[in-house]
Amino acid sequence: MKARPDDLERAVEATLFAAEQPMSAGEISLHLGGADVGATLANLCLTYAERGIHLVERGGRWHFQTAPDLAHLLRREKEEPKRLSRAATEALAIIAYHEPVSRAEIEAIRGVQTAKGTLDVLMEAGWIRIAGRREVPGRPTIYATTPEFLTHFGLSSRRDLPGIEELRAAGLLDPVEEAFATLTGGEDGDTEAIDPSGEDNSD
Amino acid sequence: MKARPDDLERAVEATLFAAEQPMSAGEISLHLGGADVGATLANLCLTYAERGIHLVERGGRWHFQTAPDLAHLLRREKEEPKRLSRAATEALAIIAYHEPVSRAEIEAIRGVQTAKGTLDVLMEAGWIRIAGRREVPGRPTIYATTPEFLTHFGLSSRRDLPGIEELRAAGLLDPVEEAFATLTGGEDGDTEAIDPSGEDNSD
Amino acid sequence: MVDAASPVLFEGDEAWDGVGAAPAGDAALYLELDGWEGPLDLLLELARRQKVDLRTISILDLVGQYLDYIERAEALKLEVAADYLVMAAWLAYLKSMLLLPRDPEVQPSPEELALKLQLRLQRLGAMREAGARLMGRDRTGRDVFLRGAPEGLRVDRKALWKCDVFSLIQAYGAIKLRSQPVVHMVRERAVVTLDAALARVSQMLGIAIEWTDLRAFLPAEADPQLRKSAMASSFLAALELAKQGRAELAQEQAFGPLLLRAASGVGKAA
């Protein structure tokens, strides 16, 4: 930790400390009259690395938060966030790892219908958003995660999603049909299986 | 500043950071299982003394706050260019040509009511000022232009404003009859008396 | 893959924990039929009980377990939802195909169907694990905390008013235009008044014994405007004279020439 922070460092520190929302480097710079804050942010990150407060970047936006290892000291007085149902947890994971996805694609993976309320809960939490429509027949709505999702789960970016690289490498993020075609030498794709479990119910 | 804060220091730091209210040393201690936090608080105070955030004690309770010299960052003014509305432009023109005038007089000349906000905008812009009161029943406030008005419009004096003849020559008074100029008196629009019908309307 | 019984992984889901933690293979498990999220979910749980990687799972074993499970649930007279039964029928079909000698005519082959089922289980398993790991992260408001009472940043927007001198004088011109009293001037035009026409027609009528076209009474004027005016007033004059009994009017057809002569009585009297 430097003995004496420079003026810009102090200003960035104060700005982020006072902010009610995470801020992007651009927003901080704008607030501080256009100064280049990239190096300063990196510096501050280091400065606080060993303290009880950390400066973190989540989805390109920066904020201060308490060090994770102190959770046990702080938790008791704080209300825990509401627990997510299993359906909502799975839907969130599917959206995060596959985004953007349609409801039909979520259902294809889960093998069951997704109750209307499930996605609503995730929207209300501010973790997912409607990301447009897929340009296929029926033009289904597609969903993606939000910057708040990254903030809440402590992810710098979607690349930080636990195990996403391994899952991608193993082909587990590819649709079944695609993986199947790869495994069987590109034959399949349109087999009309008497599969009762909803794999083909594309929207 | 110490290279590595000890655990208690980190805990106190995080506790005060996350607290929604300032906390007394006793409350902090209670929160952290009874540790003596007096020395730690004094330490933290020093640690942050030169930073953009300060740890301060107010009436026996501690909290973090933005360094006083950076308080201006919390409330920043942003200037947005905005075009003057038509009503405001007309009111300003009347004040410039006829000053000092009361609001009732402005309305009499414009032929429509002038919202209170219109004159406020001109005051906020710094182009008009209250120039006293007219000594008539109701003693209405009268308005005149300011030196900033001349500066903004690039005029060395109000005599620079084109007179009626010039306005006509410029095609700005096209269908207007000759007789009109005598009604408003004077060629150059300087401080001539204006339509007396408006003068007695109290504000 | 993570052991299904791991409580950390699926914390917060009572039904699922209950199932996962149930004593292996027994009534408790069957009673939980409502707890499954569909047949695929049940299959995945049964697969996990094989405690092997989903990539090496024996689909045949799995099918057997599933069918067994449904049978026993039915034996216990539990309500088994339709989709579980549909899956059971499909799995029974798959199982018989897998066991019978391969018929090359049947497409897709049972091995391919089994592979697809396995791929689906892998995907659901992967996402279930990902969800659990996501929930287990240092979450804001549970593990890490934001500043309790941020001062907040406020940006006060101040209008920077803009106007130029041309707009100003243009506005003044507009006001002057608006407030100028409107005066309508009617241009003077040459007309033949009714009185003039009356005098002229009655004078000329004195010498017209025969029917005469009204147009003959008009002054010889080049100006068509004035001629129109003369026509209109002469017509009115003719009507007036007829009303007074001093003239007679006739018209042989609609829009035909209007004929005029002195009333016979009058003529004789004069």
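Just so it is clear, A, B and C label the chains in written order, and each chain counts residues from 1 on its own.
One rule holds in what follows: contacts are C-beta pairs under 8 Å (C-beta built on N, C-alpha and C of every residue); 3 or more make two chains touch, one makes a residue touch a chain.
Only a predicted model underlies this, so the values are computations on that prediction, with no experimental measurement involved.
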item	value
Most widely separated chain from chain C, with each centre as the mean of CA atoms	B
Selected pair, greater C-beta contact count between A-C and B-C	A-C
Whole-Å gap between the CA centroids of chain B and chain C	41
Chain centre separation (chain A, chain C; CA means) in Å	32
Where chain C touches two or more other chains, by residue	145-147, 151-153, 155
Set of chain B residues in contact with two or more other chains	14, 17-18, 64, 66, 73-74, 76
Contact footprint of chain A on chain B as seen in their complex	1-5, 9-15, 17-18, 31-32, 50-53, 64, 66-67, 70, 73-74, 76
Touch list for chain A against partner chain C, complex	15, 17-20, 31, 54, 63-68, 71, 74-75, 78-81, 83-87, 89-90, 92-94, 96-97, 109-112, 151-155, 161-164, 167, 170, 172, 176, 179-180, 183-184, 188, 191, 193-197, 199
Parts of chain C lying in touch with chain B, wherever the complex brings them together	145-149, 151-165, 167-180, 183
Interface residues, chain C side, partner chain A - complex	10-13, 15-16, 37-41, 83, 86-87, 89-90, 93, 107-108, 112-113, 115-116, 119-120, 122-124, 126-135, 137-147, 150-153, 155
